[in-house]
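Below: a set of structures, written as structure tokens.
The following pair of complexes shares a single chain, chain A, combined with chain B in the former and chain C in the latter.
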Partner chain A sequence: MNFLAASIESLGAKVVGWFTVGYGMFAFLAKAGLLLLEPATWNRATFDVVVKQIYFTAVQILHVFLGYALVISWLIITIILSTARDFGLTEFASEMTIRVLVLELLPFLTALFVALRSGSAINTEVALMQVNNELDALAHCKVPPMQFEFLPRLIGGVVSVVTLAGLAGLLALLMGYLAIYGMNVAGFEPYTRTIAKIFDFRIMAGLIAKCALFGLAVTLIPVTAGLETPKKLFMVPVSVLRGMMRVFFAIVAIEVVSLALKYI
Partner chain B sequence: MNKLHFKVGLFAAASLVLAAVFIVYLLHARGFFEKTFHLQLAAASADGVAPGVPVVFSGIEIGRVTTLGLNENGGIIIHTEFLSRNAKWLKENSSFTLDKPIVGGAKIRVDSPDLRAPALPDNATMLLLTSDISKEIPALVERVKAILANVEYLTRKDGEINATLANVKTVTGRMTGEYGVLEGVLGSPEKARAVTDSLDKTRALIAKLDAMTAKTDQWLFAQDGMAEQTKASLAQVRLMLNDAQSSLKKADAVMANAVEISANVKDGTQDIAKLRAEIDDAVRKANGLINEINKKWPFAREPEVKLP
Partner chain C sequence: MAAVDALPDDVARVALDLPLRANLSALDNIALIPLYQRHYSAAESSRLAQAMLDQLGYAGIAPLRDPDMTPAQRFVTKLARALILKRPRLVIDRPGAMLYDVAYPSFIRQLAVQAEMTGTWEIFDFSWNQALYQA
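And then the complex of A and B:
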């Protein structure tokens, strides 16, 4: 009996913990959104931080990321094409390639890439600032951390993931064309028809929204996880671990929900 | 110059340009810059048709179903939409067929037998035919069932096919006997023996015939045989014919004289009587000659030479 009560209690504690985390996250997001609406936020200093953030999240890794996208696109396109040929489904190969790569796989991989590189860095940085009382110091010096530290990171994350996923998608479209039709313009008409068939307004809006949500998830969750860190140095790795786990679950959840909305 | 800002600016500009180009391309691909062409299809049933069902021409999608609804008379009106660049494939004599394959989604197939026919006007209404394979399957199954029942009846125990096979077995059994296939065909070794006997007799008869032919040959073509004699007679005939020819030539000359003479009839009555006698003589000779030839050679002609 005691055991049952104890397990129910631990379950309850977990649920309360999830809710607290979820509430904290959405409250933070709401605060950031409200701040975005204030004209005072739109100043040169904030803009500079946003630019710096985009540089570190997107521009610095662009060549590595595009190379990686190129290799993975080429591999998957080749696999899909040869499989489609084996099963006599060549007419669906181009559509299948575009759907798998541009709509699902590349945004997902982009989010993972940015989360592992920038998300973990943001989490550690915010956790260290929290432990070292730097955030309080900044606030004391009339430098609100929300405006100069957190909001630029959120904006940078969203812009970076949307742009990187878009660039990788365009690259995959190009690779798909080259793989199917080779170096000539004869396939332009049918390829255009396929693209027109896939990318209607709903799909485009869904793709951009999904990428934006990915970008938000890989920056917002590390920031809130870092802010939750108790003021002890040894808690920083724990905070990063928790943050990264949450980021992973959030990315998978967004992907699953987007798939469900699209195909169910 | 701030290097960091420059790089970010370059990145942003390139991304924006690419995004803009892609959006323009997408709008072009989806026909945003083109007029859309509308077509109504009247159908008896909307079974399997839904918004988004493609309209294909020669296997390539040229349009889609947008909406469908009922008209005043309870018929189905299917509204379809085409890009104006694809509308050129729709002709006044085009036929529209609803294809529902067993595997895969339904589609509306356009067949334009004559591409030089006048184009369909916008908002035209055409009839949609249905070719539904799945509806034909029950009928097909019924027919296959009937065929199978027949096969079953034919192959039943004590059925015709079994009896035939048994007969074939006895026949082939006989064929393995002394007289082989003959025995199989005729039914018993005795009958087969009769056939072989008569074959033997025929062989003997042919041998006799052979000997006779050799004799005939001898009689006909040997030294002083029939053929030789005939050849000699033919040589004689040729001589006689030469004789007749010379006689006729004489007669010809006489006739020429006669023409000359007839100008002076009064003086030449004596001559004419003599001439007449001479000609008669020549004709008689010729007739005799022909009779002679006829005896030797069977001409199927009247053996007579008539005087004019």
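And then the complex of A and C:
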């Protein structure tokens, strides 16, 4: 009986914990959203930090990321083409390539890439700022941490994931064309027709929204996880661990919901 | 130290528990204030911050980040950040905790002469350190 009560108590504590974390994240997001609407937020200083964040999150890794996207795209395209040939479905190869790579795989991998590189760094930095009292020092100086530290990271994350996924998608489209038609321009018309057929308004809007949500997940969750860190240095790795697990679940959840909305 | 915690908003504090932003240089830590509070341009904010460091006699520490500074340099940066706030009162909270590498009463006195600021400087320190200030 005691075991049952303890189990229920533990489960209840976990559920309450999840709700608290979820509420904290949405409250933070709402605060950031409201701040975005305020004209005073859009001063030169915030803009400069946003530009810096986009540089660190997207521009600095561009060559590595494009190389990685190139290899992955080439591999997947080759697999799809050879499988399509084996099953006599060559005419569907271009559509399959675009759907698998551009709509699903590349945005997902982009989010993972940015989460592992920038999300973990953001989580660690915010946790250290919290532990070292740096946020209190900023508050004492009346420098708003939301405008100076957090909002630029959220905007930077969204812009970076959308842009990187877009660039990787364009690269995959080019690779797809070269793999299917080679250097022959005769394939241009049917290929662009296939692209136009797939990328209707609904799909485009869904793709951009999904990438924006990915971008938000890989920055918002690490920031809020960092802010939850108790003021003890040994809790920083625990905070990063928790934050990154949440990021992973959020990315998978966004992908699953997007697939369900599209194909079910 | 409840007295320090209860200080009003118009007091600029220099304290161990109000650290510098670790990933910013000394100059950027100081320039943040005019940039965000007075909405100055980045160039003008940096110019004001550099002028403050020049005035305190520590122009050379501008590019250093917190972990690369000596305790005295870190203290000067915190002091410059507090001075640029332009609040009527400046409280230095337990200077011995921040300035363990220099004879701090004379060091602070020297900085106060160089800063030539209006308003008052107050030092909150442990009573057993009183003798240090009378020397």
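We take it that the second predicted complex is superposed on the first by the 264 of 264 C-alpha atoms of A that agree within 3 Å, B and C clash if a C-alpha of one lies under 4 Å from a C-alpha of the other, contacts with A are read in each partner's own complex, and residues count from 1 in each chain.
As a working rule, a contact is a pair of C-beta atoms (placed from the backbone, for glycine too) under 8 Å apart; a residue touches a chain by one contact, two chains touch by 3 or more.
Because the structure is predicted, anything quoted here is derived from the model rather than measured.
After overlaying the two complexes on the shared chain, residue contacts for A:170 are found with chain B alone; chain C is out of touch. By the touch criterion defined above, A:144 reaches chain C but does not reach chain B. In the superposed pair of complexes, A:197 makes contact with chain B only, with no contact to chain C. With both structures placed on the common chain, the touch criterion links A:51 to chain B but leaves chain C unconnected.
Of the two partner chains placed around the shared chain by superposition, chain B is the only one that A:59 touches, whereas chain C remains out of contact.
In the superposition on chain A, contact of A:121 is made with neither chain B nor chain C.
Against chain A, in their complex, chain B makes its touches with residues 4-5, 7-8, 11-12, 15, 18-19, 22, 25-26, 28-31, 60-61. Interface residues of chain C, counted against chain A in their complex, comprise 13, 17-23, 32-33, 35-37, 39, 41-42, 81, 85. Interface residues of chain A, counted against chain B in their complex, comprise 51-52, 54-55, 58-59, 62, 163, 166-167, 170, 190, 192-193, 195-197, 199-200, 204. Per the touch definition, chain A reaches chain C in the complex via residues 43-45, 48, 125, 128-129, 132-134, 136-138, 140-144, 147-148.
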